[in-house]
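One chain, chain A, appears in both complexes that follow, with chain B as partner in the first and chain C in the second.
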Partner chain A sequence: MTSLILPAPQEIVNLAVRIITSRTFFEVVFFPGFLNVMLSAAFLTWLERKVLARVQLRIGPLYAGPSGILQPIADGVKLMFKQMIFPELADMKLLMLCALGLMLLAFAPAVAIPFGEGLVIANMDVGLVYVFAVMSLFPSVILLIGWGSNSKYPFLGGLRSLFQQVAYEVPMWLSVLGIVMMTGTLNLTKIVEAQQRLWFVIPQILGFAVFFTAALAELERTPFDLPEAESELVMGWMTELTGPAFMLGFLAMYAKLYIMSALITTLFLGGWSGFGFVPQPVWFVLKTFIVASVIIIIRGAFPRVRVDILLRAGWTRLLLLALANIFVTVALIISGLGWVWRI
Partner chain B sequence: MVLDVWSLVAIFEILVFLVAFPLLLFGWLMGEKGRDPIRDAPFESGQTRLGEARQRYMMQYYPYLIMFIAFDVVAMFLFTWGLAFLTVSLTQNYLFLIFIVVLIAPLAYALYLSGKREFW
Partner chain C sequence: MVDIAFLAISGLIIVSAIFALEVKELIYGAVGLAFSLIGVAGLFILLGADYVAMFQISVYVGAVVVLILFTIMLVRRESGKIVEQEEPSRLGRGGALVAGLVALAMAGAVIMLMPGSVEAPALYQVTLRELGRSLASSYAVPLVILGLLIGATVVGGLTLVKVEREEKSDGATQ
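Right, the complex of A and B next:
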């Protein structure tokens, strides 16, 4: 019976203080966790508009805050109060559920990525597989959104998203196989520790090229932004999302961009390792934003490819390069250079 | 208090849910209800809607789907091998390299077939 008695108010307060002051709470809510991903995604929407504007000789957002940096917040507030319009014959509940699911999926990989030595929410031994597994669920949710809106543009966007996954998924897996072979682990923290002497971008340059291309396809960014090709499919799978549902979908895409850049940094660019007195998380976030900027500049510079070209290139060039990378890695390992990336 | 890995993932996801769900809920509760045939029409570039969206589309990229189902499993096998690469002896690793080389032959044939659009 004692377990049924409620604890005294003082004990509840003590427990709350202990939770709020704990390191786990800080990690989950603030730094590597929720607010970090949320604010970085918002910042990336601003960065994208600004960089694309510079590429196209425009100025971009200007009025909200210094050089328009508060524009994402203004947009968020605006979208929050918009009416949600769902097309007739659409599956309203499915659409809302999928918008929510996209958000959950986009934020989920952030728990496994180390932002500094020991600065990771969940240091899992299968971190790499976890991140890939969560990321590979996106096209299914996008197809569900297309199916649920029962409108032609979103449905075509969803189908394209699925075909795109067919093109990039296998080369993406095989391109990181070299790193797994060299380190013998799937733990992202250990993969970063193995890069203290040499970043994996140098021995794994083929794998990096394949992974970066596949990441562009995974993120649905130009030149592989087929599912939301603005000039063909209006807004692709997001066409019939409105108000808060659109905001969640949009935020999810930019959170995914941030996390994918963080994953590229972790796997190939040495993660948190840097030099000087600058703290590790600063190095990590700096590298991540540099990668994200490159991805954004690519959007300003390249045209879109066709679906059949993407599928063909994914299964011939990308896959062959990824397989060649495995042979290069085997040659590197048996050549006795193993001490360079031994942990 | 040390939490295990998956409960931390669950806590993080619950936090995201607690932020994202009220947005949708209030957007839906506070918003105007009722149907309007013109406003609720699916977007088709200003034209009136022509039929359902859930119809049959041409699957001219079907062979790639079949290849994906076949080679995705192979990628998984290769991943388990890659994880054990440093612990397995060199001769057994060479067997896997031969496996990859052998794999290229059916891949090339599948690519040849999928390139022939008139078959599909």
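Right, the complex of A and C next:
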């Protein structure tokens, strides 16, 4: 019987302790990783309700905790224990799988985004392309949710989401090309380091405008929130998701908002760089939440655009602006200003 | 470590590919294909070609699978019903037999010709800079021709759409 090789219990405990106390474990589970994205997404739901309430001269969540900050947790607990009701012919397995997949996709880009100097889970050389590659998987999962619900509103919402995200992916990729040309790298850490003297929002103002607009469309936020236009499509592709599945899908979209804001901060707003004794991650998260707040305020201030306007603007105007940005960048590089953003 | 990863990824590719072929519901087939293609991206990462892996994911999983899903949804039958499978014809059976024999013969040839052990060549990690240099210098002509080909495809597609629309509007006015 002793031939069966099992490590001694002491060794297993030692190994577990070594894993738990390691830096990677902390990074994956707590700070730049899982818990950070999860809590930030929950916080963003509160921030959105509060900011929109202020825009509309209301008060917003009030009773759970100081100014209602515990409201997301209360909502989460409520949704966790709600009954799951699906249409009779809906594909329940597919819906649950896709809701989980959305959550996974929303967390995955956090791996490559640097929250501070060296504070990144995987310092990839192709970090920027990785983030975009993961983001490009969203439309297929959303389309599957729309199809699996077997109901017309989610299906229409899923189709709209597909058209919109595929159309705006193109200007999005092209708008960051200017930054890649200036820095000569796809590594997000190096891109942040190149902004120590001057944030890229200034030389890349055109690229920033295009990226921000495309990000709004990718996030399905107003003025591009056609996929969940509540006056026509109830709740878009999320209509038939109930209880825990709804919570997963909803939280995933807010996690995506957080990640997209973090990406805008990384690419255009100098990432973790700041001044004073405030630690770098605090700067980074602060900038990220400011970007997210701007996106939220836009929801309170702008009406929704029509589908044909959205698609035409994406394929003609935005694409041309992104291409123009590339030429402007070439002119900047040739003009000998390269020392400003050299690492 | 790499071996375990290689085996796991290969298992994922093979199982999801078989799933994609065998499953009754076409949508699940597309999902299986997506997983299989993600597995191929994993193989690229193991081979040190991160850049290719990322584009494998964004182009194949992000675009091609979406196209397949969309096509299925356009032509799909009533959902929830399973199509009754027809008995394969005699010609179909014969074809399957021939295909199986050819596959067996090829597998046999590969196994017989395989030396006892193969030294894995050292991984050569291509940096993005080198890739860009070689694309712009030694592979410049193929790159331009590929660009022309894609451009011609886009123009062709747009022309087809436009011609159809004009025909339709003609019909409406008559």
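Worth pointing out:
Throughout what follows, the second predicted complex is superposed on the first by the 338 of 343 C-alpha atoms of A that agree within 3 Å, B and C clash if a C-alpha of one lies under 4 Å from a C-alpha of the other, contacts with A are read in each partner's own complex, and residues count from 1 in each chain.
Note that in this section a contact is a pair of C-beta atoms (placed from the backbone, for glycine too) under 8 Å apart; a residue touches a chain by one contact, two chains touch by 3 or more.
Only a predicted model underlies this, so the values are computations on that prediction, with no experimental measurement involved.
After overlaying the two complexes on the shared chain, residue contacts for A:G184 are found with chain B and with chain C alike.
Contacts of A:A133 after superposition: chain C is touched, whereas chain B is not reached. Using the contact criterion defined above for the overlaid structures, shared-chain residue A:M124 touches chain B and also reaches chain C.
Residue contacts after overlaying the shared chain place A:F34 against chain B, while chain C stays out of touching range. By the touch criterion stated above, A:L144 is placed in contact with chain C alone, chain B being left untouched.
Of the two partners, chain B and chain C, it is B that touches more residues of chain A. When the shared chain is aligned, chain B comes close enough to touch A:T239, but chain C does not. By the touch criterion stated above, A:T316 is placed in contact with chain B alone, chain C being left untouched.
Residues 89, 124, 129, 147, 150, 166, 169, 184-186 of chain A lie at the contact with chain B in one complex and at the contact with chain C in the other.
Partner chain B is touched in their complex by these residues of chain A: 22, 24, 28-29, 33-34, 38, 80, 82-90, 96, 99-100, 103-104, 107-108, 110-111, 121-124, 129, 147, 149-156, 159, 163, 166-167, 169-170, 173-174, 177-178, 180-181, 184-186, 234, 239-240, 243-245, 247-248, 307-308, 311-312, 315-316, 319, 323, 326-327, 330, 333-334. Per the touch definition, chain C reaches chain A in the complex via residues 27-28, 31, 34, 50-51, 54-55, 57-58, 61-63, 65-66, 69-70, 73, 79-80, 127-129.
Chain contact summary for the complex, chain B toward chain A: residues 1, 3, 5-6, 8-9, 11-13, 15-17, 19-21, 23-24, 26-28, 31-32, 35, 37, 39-45, 52-54, 57, 60-61, 64-65, 67-68, 71-72, 75-76, 78-79, 82-87, 90, 93, 97, 100, 104, 107, 111, 114-115. Of all residues in chain A, only 89, 94, 124-126, 129-130, 132-134, 136-137, 139-140, 143-144, 147-148, 150, 162, 166, 169, 184-186 touch chain C in the complex they form.
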